[in-house]
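First subunit A sits with subunit B, and in the next complex the same chain sits with subunit C.
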Partner chain A sequence: MSADWRHRLAEQRGLLLAVGLFLAMFTLYIAKHPAGLTANVASTAANKGVLLALVAMAQTIPVLTSGLDLSVGMVLVLTNCLASRIVVGSPAEVALGTSAVLAVGLLCGAINGAVVVYGRIQPIIATLATSSIYYGVALAIRPAPGGDVATGVADALTGSLPGGVPASLLVLVAVVVVVWVPYRRSVLGRAAYAVGSSEQAAFMSGVPITRAKLLAYVLAGLLSAIAGLLLTCITYSGEASAALGGTYTLTAIAAVVVGGTSLFGGSGGAIGSIFGAFVLRTIGDLLFVFDMDALWQPLFLGAVLLVAISLGSFRLLGVRNRLELYR
Partner chain B sequence: MSDTGSVPLFRMEGVSKHYGGVRALEDATFHCAGGRIHAVLGENGAGKSTLIKVMAGVVQPDTGSLHMDDRPVTFRTPAAAAAAGIACVFQELSLLPDLSVADNIAITNPPRRYGLIDRRAQRRIAEAALARAGASDIHPMTPVRDLPLSRRQMVEIAKALARDPRILILDEATSALAAAEVEKVFAMLRQLCSEGMAIVYISHRMHEIAAIADDCTVYRNGRYVATFATGSKTDADIVEMIIGREYKNVFPPKPAQKPAGAPALRVEDLSWVGQLKSISLDIRPGEVIGLGGLDGQGQRELLLALFGVLDGVTGTVEIGGKPAALASPTSAKSGNTAMALIPEDRKTEGLMLPMSVRENLSFAALGRLSRLGLVDRRAEAAAVDEMMALLKIRCDDTGQAVASLSGGNQQKVVIGKWLLTRPRVILLNDPTRGIDVGTKQELYQLLRRLADAGAAILFYSTDYDELVGCCDRVLVLYDGAIVRVLEGADITERNLIAAAFNLRDLDQVPA
Partner chain C sequence: MKAARALPAVAATRRIDPAVLAAFGCIVLLLLGGSLYSRNFLSPDYLLQQLNVAAFLGVIASGVMLVVLLGHIDLSIPWIVTMGGMMSTAAAGWGDAGAALAIPIGIACGIAVGVFNGIGVAYLRVPSMIFTLGTNAIAQGLMVLHTSGFAPQDRSTEAMHVIAVDRTIAGIPNALWVWAAVGGMAVLLLTRTAFGRYVYAIGNRERAAYLSGVNTRAVVVGCFAIAGGCSGLAGVLLAGYSTKAYQAMGDPYLLPAIAAVVLGGTSILGGRGTYLGTVAGVILITLLQSILSVVQMPEAGRQIIYGTVIIAMLLLYGRQRRET
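Showing the complex of A and B:
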């Protein structure tokens, strides 16, 4: 049925735009790269991209409920510091440590959700406050950079598989399949879109609003913790860096928007955010292969961001009642 | 009470509901039976909406009891009422704009397989529900945002039917539908009714009620008035029941003579995207012209069009004999045009709530009250004092946030803000909504004083009393067009209601 496909395409327009943008930029990057597409080049690019993609996925879910989680970067930093202390030793210890790190991510998310839902505090300020707390805890765990991580696990997760496929990319695919796909098709996932679309209408339709919002922040915490683990594996250490946390939080919001998710909530998805993250990461690489000064990076990042989001605003040209532009 | 011969499926006794000091329902009674279509009638604010919100679990009654099949029930949430078999098609749509039609239809209870939403099953449910609602032309994957209002109403009905309810409540569910679509909905309702469903039907369109309803119940001022079989009363009787009350004279006297002179505002053949249809009117300085009709017949859009808010308006508008291009509110309020619009919702369109009374009052007139881009504090203070005195705005200090004022005083600030621009044409969009009687009375006096001082006033109100009491002439809108002009002694509540329901002449309507 062609009508079905037309609707599917329209629904995924934001995602397709991000995929197209990424493919164009990445092809250009590989074409200009002196070594071409080797396993090494691919896994380096993938590691950086996947890290931001995970944080962007984390950010996506609260944004879908028309919330925001400013603590995703600090949960990344906190779990990074924690992992650099406890994901070491025997396989059993590593397994236990990994579970503990993920549990801390869930806990951070649950705290955010509880403050937003039960405290009825605006998400932006609630998570700004908790992000500061999480950073404080990270500093307490690791006052100076250092630590270690089980080398075998780290190398397995950040290297290449036979055939040159970056292992971190598989981690990302696994997270999508295990976390995002079921969530998108669950009742609470549907409820998250409903809440973001119109909270009043969602209430009138008997949608479980409270649980949907709580779960959104809990999942954001979990995904940030997975990113924290990956960061530890990439750097073999932990560091309580405020700058790193802040940068990841803000770049992840940009990735969410480039990926076609509306900051007003209700439409978009985590797959788009993944490609949004890849787009933003590739900009830096492009400047590198074109021998341009790294100083230009923020300027280009900003320009690409503006162009990408402008493409999404064309429908506003059709609005006839100008009061609606301000709603 | 008519004897319908059937056992009530749903019964409500002695239900009261107060919002703050406002009585929305008082000791209300309601019955409805399976296999019958029951119409609920009343003016704006008569309690119909509260009644169905109680039935649908959206609000909790203060007192009273609800019964289904003669067993007492309580609905704490909309979900609880839905589980008991009550589905409601609300006037304010309850659709999620970003989600697809199928997602919306299945939102209350999506079909699941292994805990996840089964999209194929959902698609089947949506297609079946759309077909049952007679709207199978709507593609289930369309985002609701992309549908026009009339199609959204059909989705809303399909959504209610997908729950397979025992009682279906339709609150103004046909207000955006054209006549042919209404016929299809009626055929569907009769079919559902023959399957044993109870249908509660709320509409302002009297001829629809005559065509579809088996029974009618009238409410007035939150109280139950009567229940009767359709056809047992004349339209005239029903309108008397809906109005019911006498009102005290709180209005200033109207001038005996019609003001002479050229029109201050002249509108010719104004239309806008199918919602305004070839509207022509003129207002002389000194006249107060009312806009009547049921809520949502284009009155707001007409005022917004004149104030330059809408794009794509066709027709001509002349101010003081000169053509005016109404490009934006900025140009509408500027020098030669000098128009002011007192908006519908003072909290979002009228006031900057956290800012001070002084800043709010001077906002629209800052052009006049500033020099070289700097606000002249002395001129501002003088202007603010003038309005505080003229309108008797009560507040401790003009520096306090306008949010801390009472509703009536807030509305005075909105009006004062526009009076400071020295408007020649004043448009008012239901300015007395939610304010106390005393302030209302002051406002009526003020309108007349402004008119006497030479302003041309166009005044939309949902309260028929106000139109009768304040206006020299009332234009009644129906479906975006002026269907009746009432003047002088012809402006009566009875005529206004008849015109609002687009009944040609009450006395000639056969019983």
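Showing the complex of A and C:
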């Protein structure tokens, strides 16, 4: 076991890099923040970070199967609009509404999975088309921004616990423990990695390819729906915004890559994506505490993103045979 | 004997991709369906107006198609289009020399960003989807800085307006001539030059192309540069069409451009596709959008139908072959 620690370390390099980057940046942020690490600062940072982290987790699972889900942002918007309508009223109504929102997320994921697996349409274009459908449904549910959400639930999920621990962080931990860890250890979870590394080899080894791919998209829908619920709790309202959905989809892909998951599939994991999301969110916060001119912020964000994703190119220096570069 | 007789028929069906035929079939169906609603749908004036609008998407899709044929994707289209429009109108504010150079400057900016994309994808080997995403963010940052920092001119020049809107020759919109020129060059490039063959070869298997002595990296950079130039040109045309350049003017063009290329039978995995198909895809998307807005469908219904129709068409003819 101790003999292969080097191999294990190399496998987790992307994750460790993201964790290190996040810790360094967050420490800097807190050190520079005028108020320091108060419960309020922590929960605000956590809410934004956890939201993106959930969407990034959702994106990770299809990416592991060397697919892609461009509809995660729109599922977030759709469930946000739905939750702002039905997660209100008595505790029983809230519970029913919450399960309905999660069920809609599962349904969206199942539609994506069915179109990709049974329809045999390329994931990029298939989820692009379904995202247009989900956006239309979101618009139908909530033509104008507004709505409401059960205040008790919202405050409990987005506030901070005694001791100053942000509640949303606990939500994230719960999602990891209840959804990701069992999935990673299940047959279909391992099948997702196998399909991502080589679909042919997976097929030859009798891996359940169809079910693995289907489940990947279904879980992506579920995780996006959880993010949609959290968004509703943070903003106390719903809005069918195409820009919001697009931004979340694309930023989530960036978070997945920063977190060390290969876009070609087969390696990485949701934990890395969580820290990738935290890194991206902290960059924005850092620009804020360092009083950077608002005009320069978008350019700086873009540059940091580009540098972060280009870091992987250092491996090219170690390539001895040029043929390895080409697939 | 039997095989010999079957051969011409095989050759004839091979010449035209069934996906392209299906796309043109869908166009006819859309026109017929539209004409049931209103007779204006088949009038030459309406059709020319649609083609004028389609030309903008067509110019963008020409570049996107080259990149998709390589097996890559370009997500930086939205802000290259915006940059092309904004830089050309800004150049127009520099006096007479600037106004004369407005159009080439818009295109050149697009090419510059395209070359940058190409270097990232070909030399740094970053997956194109994520690298062009980063480029898009940078282009956006540059344009935000440019518009708010220097307050440039955003009105288009007379020449830009003329090539985007007017009908100088034989009543055909000038924008359509521009698309025809871009399309003609794309067809020549893809079917009559070694570069075109390399594009298909790389899309099929980059390794094999490299081993055959193709300078694959230069070809990839070239394709991204052309795609950037096309987007820059489209930005110039769009700025001329609406007489001004504005933030996020390219945002509504990314998804329709990719959808048009794929609906036209080009494989998103690269290596397969014809320009005729892209033309069909562009017209198909433009007509679909036009019909949905003419029947005064609310935005929600439009989005749902738009997505459903794209999936339905892909199910009809865009399915991958069963693997293994």
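Please note the rule applied: the second predicted complex is superposed on the first by the 315 of 327 C-alpha atoms of A that agree within 3 Å, B and C clash if a C-alpha of one lies under 4 Å from a C-alpha of the other, contacts with A are read in each partner's own complex, and residues count from 1 in each chain.
We take it that a contact is a pair of C-beta atoms (placed from the backbone, for glycine too) under 8 Å apart; a residue touches a chain by one contact, two chains touch by 3 or more.
None of the values given here were measured: they were computed from a predicted structure.
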- Item | Combined model on subunit A: subunit C and subunit B, fit or clash | clash
- Message: I'd like to know which partner A:Gly20 touches here: subunit B for first, subunit C for second, both or neither.
- Response: neither
- Should A:Gly146 be classified as contacting the first partner (subunit B), the second (subunit C), both, or neither? neither
- Message: Contacts for A:Phe203 in the overlay, against subunit B (first) and subunit C (second): which applies, first, second, both or neither?
- Response: both
- Task: Considering only touches as defined above, state whether A:Gly89 meets subunit B (first), subunit C (second), both or neither.
- Result: neither
- Item | Touched partner set for A:Leu316, first subunit B, second subunit C, both or neither | second
- For subunit A, which side has the bigger count of touched residues, subunit B or subunit C? C
- Task: Clash-wise, after the superposition, say which stretch of subunit C runs into subunit B: 5-13, 203-211, 257-265 or 311-319.
- Result: 203-211
- Check: subunit A residues flagged as touching subunit B and also subunit C 200, 203-204, 322-323
- Could you please specify the touching residues of subunit A with respect to subunit C in the complex? 68, 115, 119-122, 124-126, 128-133, 135-137, 139-140, 143, 199-200, 203-204, 250, 253-254, 257, 263-264, 295-303, 305-306, 309-310, 312-313, 316, 322-323, 325-327
- Task: In the complex, go through subunit B and note every residue touching subunit A.
- Result: 58, 77-79, 82, 90, 93-100, 103, 107-108, 110, 112, 115-117, 119, 139, 141-143, 159, 272-273, 301, 304, 309-312, 328, 349
- Query: Quick one: in the complex, what on subunit C touches subunit A?
  - Reply: 73, 75, 120, 124-127, 129-131, 133-142, 144-145, 148-149, 205-207, 210-211, 216, 255, 258-259, 262, 268-269, 298-308, 310-311, 314-315, 318-320, 322-324
- Task: Name, in rising order, each residue of subunit A that touches subunit B in their complex.
- Result: 3-4, 7-8, 10-11, 182, 185-187, 190, 193-194, 196-198, 200-207, 262, 265-267, 319-323
